[in-house]
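In what comes next, chain A is part of two complexes: it sits with chain B in the first one and with chain C in the second one.
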Partner chain A sequence: MTLTLKGVTKRVGNVVHIHPTDLTFEPGSFNILLGSTLAGKTTLMQLMAGLERPLEGEIWFDGRDVTGMPVQQRNVSMVYQQFINYPNYTVYENIASPLRVARAPEDLIRQRVGDMAELLRLTPMLDRLPGALSGGQQQRTAIARALVKDADLVLLDEPLANLDFKLREELRDELPRLFADRNCIVVYATTEPTEALLFGGNTATLFEGAVTQFGPTREIYRKPNSLLSAQVFSDPPINVLACEKQGAHFVDAEGARWAANGPASSLLDGPYTLGIRPHFVTTAATGADPVPVSGRVMVTELSGSESIIHFAKGGKTWVSQSHGIHAFEVGAEARLHADFAQAMYFAPDGALAAAASARA
Partner chain B sequence: MNAKKTAGWLVPSLYILFLMLPIYWLINMSFKTTNEILGSFTLYPQEFTLDNYITIFTDPTWYMGYVNSIAYVTLNTAISVAVALPAAYAFSRYRFIGDKHLFFWLLTNRMAPPAVFALPFFQLYSAVGLFDTHIAVALAHTLFNIPLAVWILEGFMSGVPRELDETAYVDGHSFWSFFGKIFIPTIAAGIGVACFFCFMFSWVELLLAKTLTAVEAKPIAATMTKTASSSGYELGLLAAAGTLTIIPGAFVIYFVRNYIAKGFALGRV
Partner chain C sequence: MNKLQNNKAWLFVLPVFALVAFNAIIPLMTVVNYSVQETFGNNEFFWAGVIWFQDILQSERFHASLGRQAIFTASILAIEMPLGVAIALTMPRKGPWVSVCLVLMALPLLIPWNVVGAMWNIFALPDIGFLGHMLNAIGFDFNFTRQPGDAWFTLILMDVWHWTSLVVLLAYAGLSSIPDAYYQAAKIDGAGSWAIFRYIQLPKLSRVLTIAFLLRFMDSFMIYTEPFVLTGGGPGNSTTLLSIDLVKIALGQFDLGPAAAMSLIYFLIILLLSWVFYTVMTRNEEQ
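Our next item is the complex of A and B:
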């Protein structure tokens, strides 16, 4: 029941939607497609489902080539970002729809729809039309319909993006539980790195129609294989700094010097790009060897318990994420500390050279 | 503030008054004798009479006009919507070379005056033996009703997310099962509006309907416009016929009253 994409591509006219992609999803796995809008997440899902045909390449499922097989003959289900239900069917009939098409016996339908409604807390709404439900209930109906038929492949295309924050948290907690005792492949598309980390599982980072990396979610977060993957998998955006290794130290264009320690100490001398996540750039000095960084403040976002400061440094925008409230005036000079011991170093071609292995 | 309030009801009231006046006058005339209409100016019938209506409902040259009109209008509506549904689906869901031009070209069919087509249609239909049949008028009216129906339905269909189609396929529905059981009910309002517009334009069209018929399929509009008969001007009778002609339209509009604005915007609201 393994799903394998072999060199799959998709082009519409002259626009490349998906560059050659190889991916393998194991049965019972939870897989995340992480990428910004228009990165190709939806197209990739449509290819997996069989709604679109790849231009080149093959799609194999359970040891069979299913490339040209229409979606009706594959055992897949899908949930979209928009709340998609059949507006003329009741919630009951909506959930029952895949079973009805498969001509399941009536008492089986009743039992399974009842179970699904119970699981997703839709039992009181079974006789209503989807238009009379709240957004969260509509999306739960769509999820119930996707789960009712025991699909081998469940595709979730940003299912929580249109929900308000409370419902999103609630459903986010429920989702892994729904798939816990199933042996299906789940593919979940999201634009939010935080969501990927919360779900765990495997993650494929997508950038402009190409998978930049695929592997266990936390591993990718700690050791992105390239600057691109690190940028896709970072929110707020990761800070980058051009620097050069000279012996046991790194120096940047502004003359700052810091020690190369950990895996970075064994790097050859030469130019590198440093990447550091915003929560290692803080108002208070942390770590063994904090390096002072400063820049002109552009925006300060204050949430209840942390401050996100955007500042200009060496022609680039840097982001700092600190605990507590630190109100900086726009245009003021921010003097902050970067824990460069936690930084990742990328070679000039973008590939990862060294990443701190300690805390994430 | 008070002046604003007064204007708030005065303007619509005046508007409705001016709108209703000719209709009132038509109904008023229909209950008068021709002598009273021609003889004096009266705000309401002095000699109330139902003779005009009795004549229409008993004289086949009159009531067959309604039967013929309803026959070809119904036929036309059915053909137009049946043809427009797949066309609109294609325009709404698929991209193909020249689709936008083709879509606009459809609308240009409405730009030529029907008089342009009257002569060729007359010649053509006579040649194939369709002259003076209901289907002849119904087909002639599809010339401007199919484009209109395609535009209206395309608007309503494009309002339905493509993901609904995909969800149905993922659930295992075939295209036809999806189209019949899910898609058509979803855009039922749009189909209603399209039917209404086809009905309306076919019902009021006079030139083609008159040119393509003689006796067997003569529409009410043609009967109504022969103002003078052997017994002189029968204005009361014509007014009664006019009154009856308004009724089907008013009846049909009742069913689509909530969607009609969307229909006028070709489904794009």
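Our next item is the complex of A and C:
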């Protein structure tokens, strides 16, 4: 029951929506499509579902070519960002609808709908119409509808994006549990790197219609194959700095010098782009060899336990993510410390040259 | 200080009161005034009580007009509502044809009502009109100025031509507001086009269709210009709808008292039926 995309592309008019894409999803896997809005997540899902036909390439499922097969003949279910339910069906009938289409016997329907409602805590709402439910309950109904028919492929297109913060956290915790004992392929689209990290599984990073990398989520986070993948998989955005390796040290245009250690020490001399995640740029010095960095503060976002400081450094915007509340004035000089031992180095063409935490 | 401010506020509200009084209350009260009085000319009026209301409510003529009006309104609603939705469903959702379709659909709505009447009158004339001539040429004995059935046929056809567009435009607006995801979700469920219509489009359209129904009900119940120009209420009295009858009584016979009483009854019927329809339809929605 493996799903394979082979060189799939999609164009509308002259606009390329999906560049040639190869992906393989194993049964029982949880796969995340990570990318910003318009990166092609939804289009890719529609291609997988059979709602759209690829321009080129093939889609194989369970050893069969299903490229032209309409969605009705595939065993697919999908949950959308909007809460999609039949407006004049009760929650019970909504959950039952895929089984009714499949002409399942009545007692089986009752049992499956009951199980689903129990699992998604919808039992008290079974007689209500979707319009009378909260957003979270509406989306849980849609999820129940997607799960009730034991689909081989479950597509979740930013299902939590329209929910408020609390409900989102709640459902985010529930989701992996729902798929734990199923053998289906789950594909989950999201714009949020943190969500990808929470779910684990596999991640495909998408940028402007192209998959830049695909593999186990944590591995991609630790060792992105390119600056682009690192940028897609970083929130707040990853900080970049042009630098040059000279012997055992790196130097940047401002004259800062730091030691090349770990995998970076074996790099050839020459120009590199350094990438460092915001939580390694902090108000307090950490690591063995902290390098001072400074810049004019543009804005500071405070959350309960940490400060996100945006500052200008060498014509670029840098972001620091520091513990505690640090209220910098806008325009003030922020003097921070970067733990460049944790940095990644990218070659001039953007490919990863060395990542500190990667175990090669 | 407080009092002064309140008095000032009245100054702002007063123009609105004056406007409402001039365009609604004063004309209405004039009609109420006529409906309870009798006059023999010379501008002398006598109290008549509810005599005119009794007369109208018991008059065969009023019953006949009301019956014709009900048949007319029911027929055009029965045709225009489903037809309008059906046309809206076939219209393209995207692309350059959208604006072409919308303009074509809006055209009949832009034509003045008496022009519509005149157009259809000429169009349906049995000797020189295209429709009338063609119908006769293919063997129908069609003459809407002589045969009541033909007059009704032309009248309803004219109203359907003129006003179905309104239902189409409203239904189309309702359809375009349904997100694509609904259709995709239904497709994934394996729903056919009838199921999509019945369980997604129709429920999502219920609100605009309620509005369309009420607008068409009120408008058709009050219709005057087009049938007046088309048939003048004839042949005989066969297409004399309520408003045509009312004008005959008021301006033809100059029976101001009965005409005023009939106006009020007419108005109350429309008000009552609109309220009943609205209540029933929105209650269905809430269930």
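As a convention for this text, the second predicted complex is superposed on the first by the 357 of 360 C-alpha atoms of A that agree within 3 Å, B and C clash if a C-alpha of one lies under 4 Å from a C-alpha of the other, contacts with A are read in each partner's own complex, and residues count from 1 in each chain.
The criterion applied here is as follows: contacts are C-beta pairs under 8 Å (C-beta built on N, C-alpha and C of every residue); 3 or more make two chains touch, one makes a residue touch a chain.
Predicted, not measured: the structure shown is a model, and the values here were computed from it.
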When chain B and chain C are modelled together on chain A, clash or fit: clash
Taking the superposition on A as described, I'd like to know which of chain B and chain C A:Asn239 touches: first, second, both or neither. neither
So in the superposed three-chain picture, is A:Thr90 touching just chain B, just chain C, both, or none of them (first/second/both/neither)? neither
Thinking of the overlay built on chain A, is A:Thr190 touched by chain B (first), by chain C (second), by both, or by neither? neither
Is A:Val71 in contact with chain B, with chain C, with both, or with neither (first, second, both, neither)? both
Which residues of chain A are in contact with chain B in one complex and with chain C in the other? 46, 49, 51, 71-72, 76-78, 80, 82, 84, 86-89, 97-98, 101-102, 145
Name, in rising order, each residue of chain A that touches chain C in their complex. 46, 49, 51, 71-72, 76-78, 80-82, 84, 86-89, 97-98, 101-102, 145
In the complex with chain A, residue positions of chain C that touch it: 179, 181-182, 184-185, 187-191, 199-200, 203-204
The answer for chain B against chain A in the complex is residues 161, 163-164, 166-174, 177, 182, 185-186, 188
Which residues, counting only chain A, touch chain B once they are in their complex? 46, 49, 51, 70-72, 76-78, 80, 82, 84, 86-89, 97-98, 101-102, 142, 145, 149
